[in-house]
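Residue numbering begins at 1 within each chain, and the chains themselves are lettered A, B, C, D, E and F in the order written.
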Amino acid sequence: MLENLLDPIILCFALGVASGLLKSDLRLPEALYETLSIYLLLAIGLKGGVELAKSPPGELVVPTLLTVALGIVTPIVAYAVLRRLGRFDRADAAAIAAHYGSVSAVTFAIVLSYLARVGASFEGFVTVLLVVLEIPAIAVGILIARLRSTQGPLRWGALLHEVFLGKSIYLLAGGLLVGWLAGPARMEGISPLFFGLFKGALALFLLEMGIIASQRVADLRRTGAFLVGFGIGMPLVNGALGALAGLAAGLSPGGTTVLATLAASASYIAAPAAMRIAVPKANPTLYLTASLGITFPFNVILGVPIYHWMAATLHRMAG
Amino acid sequence: MSPRDPTKRKLVTIVAESALEGPIAKEIKRLGARGYTIVEARGEGSRGVRQGTWEQNSNVEFQVVCSEDSARAIMSSLYDQFYEDYAMVAWAADVEILRGDKF
Amino acid sequence: MSPRDPTKRKLVTIVAESALEGPIAKEIKRLGARGYTIVEARGEGSRGVRQGTWEQNSNVEFQVVCSEDSARAIMSSLYDQFYEDYAMVAWAADVEILRGDKF
Amino acid sequence: MSPRDPTKRKLVTIVAESALEGPIAKEIKRLGARGYTIVEARGEGSRGVRQGTWEQNSNVEFQVVCSEDSARAIMSSLYDQFYEDYAMVAWAADVEILRGDKF
Amino acid sequence: MLENLLDPIILCFALGVASGLLKSDLRLPEALYETLSIYLLLAIGLKGGVELAKSPPGELVVPTLLTVALGIVTPIVAYAVLRRLGRFDRADAAAIAAHYGSVSAVTFAIVLSYLARVGASFEGFVTVLLVVLEIPAIAVGILIARLRSTQGPLRWGALLHEVFLGKSIYLLAGGLLVGWLAGPARMEGISPLFFGLFKGALALFLLEMGIIASQRVADLRRTGAFLVGFGIGMPLVNGALGALAGLAAGLSPGGTTVLATLAASASYIAAPAAMRIAVPKANPTLYLTASLGITFPFNVILGVPIYHWMAATLHRMAG
Amino acid sequence: MLENLLDPIILCFALGVASGLLKSDLRLPEALYETLSIYLLLAIGLKGGVELAKSPPGELVVPTLLTVALGIVTPIVAYAVLRRLGRFDRADAAAIAAHYGSVSAVTFAIVLSYLARVGASFEGFVTVLLVVLEIPAIAVGILIARLRSTQGPLRWGALLHEVFLGKSIYLLAGGLLVGWLAGPARMEGISPLFFGLFKGALALFLLEMGIIASQRVADLRRTGAFLVGFGIGMPLVNGALGALAGLAAGLSPGGTTVLATLAASASYIAAPAAMRIAVPKANPTLYLTASLGITFPFNVILGVPIYHWMAATLHRMAG
């Protein structure tokens, strides 16, 4: 745990949070934020594609199906919790649920770097699961929000476009394809940029995310205690569901940890962009504060080791 | 009228969250404006501070020179569609142009 | 008055060196404006060219829609505090808005 | 007249393709304006969409506060020199300033 | 050929083109475009300077003279074709001709990486040829456009300034000088950034160029079939002229391939900037669509292997 | 000396200066300037933190105290010179003095790379001295400017905030803390970005600083001959004081060179930001022209070898 806290990536996140809370005048240019997020998404995809090239395609079927199932179940559970216990209205509950059903690519990068540090191996195709899990929850969230809504017919074409051609999925899936087509040998020329610098770029991005997350902390008072509890409890529930799915899919303990973390993570790129257009009545302060202000830091600092422990325990219990 | 006589038009300025860029551009053109200019912006208003640090808190500012009718139509249509749910403000002013047929 | 009748307000535009961003924002709000918009700018004036290549030569442009009284107060207060020592200019114009209670 | 009385001036706004930045700045100053402000812009008009993704499709927006004569001269001179061959539009509006001797 | 298509740099270009055509909301910040183009131009110059330090200066004379000749002949040929066959007016024909006489530094980088992949060596001074070939065609294009023009006297001072001190030539020539003065040993400290990351940065830049090129595809219908044919035929002709010049200059097959590719490539940084100011009546849609929408993709995907084959064949024929 | 001039970092600075003087249209995006300055400050901090982790804390006490003393003495000397000899008014003299008492992190990076090149070792904790020396002179400058000033009470809270939470000190000190907490082993993942690319990024930043510095050269005529003399003489005096302090503190010749260079360097990030707010009557043209237009180039090209020679001579004299 302490080991995790002393990772410079996590320390850079803390530096960003402190900068925001102390009102330092450190401001990263928006072009840097955009560049880093494009770089990280593309690099994750490329790396995943190279690994994927090494996996027999048959191995992918069961994990992919179970991941889709996770992407449908977790937002429904989240929605029920938010409506019944949290008393949120339909639009807010649906939008928040979509965020928690979807995934955070940066949290994915952090769990991979965590597993590399503790020396645990995992399946080469996990990046496919990242891409697969990103989408269904967003569709489920929109469907729930629009059921019996008076907002006029849902333009599915526009929405599918928004989701599949949003920058996040496009870069992840595109990178996956490029990496898979090119294969390991041809990627060597571009690997100093996309793989060698990856962890450093992640540290810089987390500095920025820390600043952004800290700006959300001010909103915590307004959004209330329930959301804080939800932002910690929901990832634990989803992480457990993800760990079970990983076990059921026959993944290794490392791969199970990855799937648990994916399930536990909450989106902050693809989901906010889609929800803002598809569910305009949902208040962005709620979903951004929960996802970025609570769940992201929780996962990055405490969650990942917990999901690793969950995965290890389940695997031990399952023999 | 010679093309060089100054002519009266309206300048509509709209500041809105970046997510609305596409919908607003479409609406502006649908309602008769022949063009628009966009600049990146940040700011503060009734929905809090929008620092422009990432995609979820940045604004765009549209400037549209158009006829008085289009101006009226654009302002009320955007108002009806987006005002309640999105960070957005708009205002209109009188301007003079040199080439009446251009706008 | 219905919220949809056009209402008169003032638009105050202030261009100043970036170092003044914080103080100007505070002053604008203190003097009764409910919001403001900021865009990054560069330019030239009596204090020379400001190319916007680094923090010491870039400008910000504030746009503030507010009541006539606030506009007057903002312009003279900024003038008194900053005009002598800082690169800054300001101007005001008449604008129409749709929602009177918003500004 | 005291330097603090509001004085009338013109605000000329010019949106043009970035390649014209140098020539326009020179022309503005030649025709009597004492300064100008530039912001990066993109947009759409009769010459198509200019997305601002690279140097060949980005715009700049000039704002110039100046006397009515300068305003007229700037608008017609730019119009004569650039309008036919370049992506460019311009408009003028009335503004009030506090320091008459500044502009 | 397939091998060339599977290079991740080319795949990233395709990813960019697809992103534009599918109207994905992927948008790279303009600051990133500018940064990458500055970085690539400077890095090409620096690399060339280091290599130049190793070449005896005498070897440069003949290739340089023949390259200047190429830079005068190719725009004149292009102009004649555009006027006679294409029926373009003087300004448009002259401006397009200037683009095809000048060069694309990114295409140059791609041919070098292609030659490295296929294991062909080339002369250390080829970057000098890149710089030398960039300028004359722009001057020729302007001269043609202004002959008998009513536009008032040409301000040569301003124009030479525009061309020689434009960012493209300034960075290439400046980098060449820095690399040559510093020499290989002193460059080591900065080589991880400028040389190690080069191919990765090229991939990212091509993603961006793909998006920009795809925006030009929409203009193809308006600009007409002739321009499409010109955008493919002209580089083949110029490539052949370049290969002949390379052979005549005594270059190796690798160096001949480079000169052929340079001749075949069309400018999209220096030439558009100069033409917009010097030949205002020329329509940018025409030259940008031809250069970026047709010739650049053609060269990157098919042209480079073809020019390599031309060079090899000529060298074989010449014994 | 020639060796120093042929360092590509210095040549890039010259390339930037020439670009500005020749009015080339090379313009680096402001986002790149900001990104590079954030990167360099953070990287300097991180590197310093890793080195610091290796030093016994006791060794720091005397050098730190003497550095604080330097930070108080040098601006007072500078102020006296500017008032008496330069006939500057109180505000201008105080603001310029604050710049010369404070430090330039880029000059620090250049002296470290110089020492690495000539093979001189230095203490691991020198980055602490950089951070320590950045602050006191700014406070002294403000105090002097405000003594007997009619400007109303000084808001110390706001000022301390401005200085300690300004981007420059925040990133240096934050990076120091992160590097120190993480330690060498955990930093490995992020070192390709933060350490491997450092010199290249410095070269790119100096290209930009060259452009900015050249814009100041035009102001030289207005600011007068005295300021030129001051901009060269003051760093020599401060460098000598710094070398003496280094000797007294028991630093190695390398460490002494670093402290001399720190003392000789003039701030252009932290000090201008603080002075603009705290001493509005001071004319930025004066302090920016002196610091960036004269002293920075002087130090980078000639100063560093001179301070090295001073340190070596003192150490030889002291036996």
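The criterion applied here is as follows: contacts are C-beta pairs under 8 Å (C-beta built on N, C-alpha and C of every residue); 3 or more make two chains touch, one makes a residue touch a chain.
Note that the structure is predicted; figures quoted are calculated from it, not measured.
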item	value
Partner chains shared by chain A and chain D (touch criterion as defined above)	B, E
Third chains touching both chain F and chain A	E
Per Cα centroids, the chain farthest from chain B	F
Label of the chain whose CA centroid is most distant from the centroid of chain C	E
Higher-contact pair (C-beta pairs counted), C-F versus E-F	E-F
Chain centre separation (chain C, chain D; CA means) in Å	19
Interchain centroid distance [CA atoms averaged], chain A/chain E, Å	41
Chain A and chain B: spacing of chain centres that average the CA atoms, whole Å	35
Chain B residues counted as touching two or more neighbouring chains	39-40, 52, 93-94
For chain F, residues contacting two or more additional chains	27-31, 34, 192, 196-197, 273
Chain pairs in mutual contact under the definition given at the outset	A-B, A-E, A-F, B-C, B-D, C-D, C-F, D-E, E-F
In the complex with chain A, residue positions of chain B that touch it	17, 19, 23, 40, 48, 51-58, 82, 85-86
In the complex with chain C, residue positions of chain D that touch it	4, 6, 9, 11, 25, 29, 34-40, 63, 65, 93-99, 102-103
Contacting residues of chain A [partner chain B, same complex]	27-28, 30, 33-34, 208, 211-212, 215, 268-269, 272-273, 276-277, 280-281, 284-285, 288
In the complex, chain D residues that touch chain B	13, 15, 39-46, 52, 59, 61, 75-76, 79, 83, 89-94
Residues of chain A defined as touching chain E within the complex	29-31, 34-35, 38-39, 42, 46, 161-162, 165-167, 170-171, 174, 177-179, 181-183, 186-187, 189-194, 196-197, 273
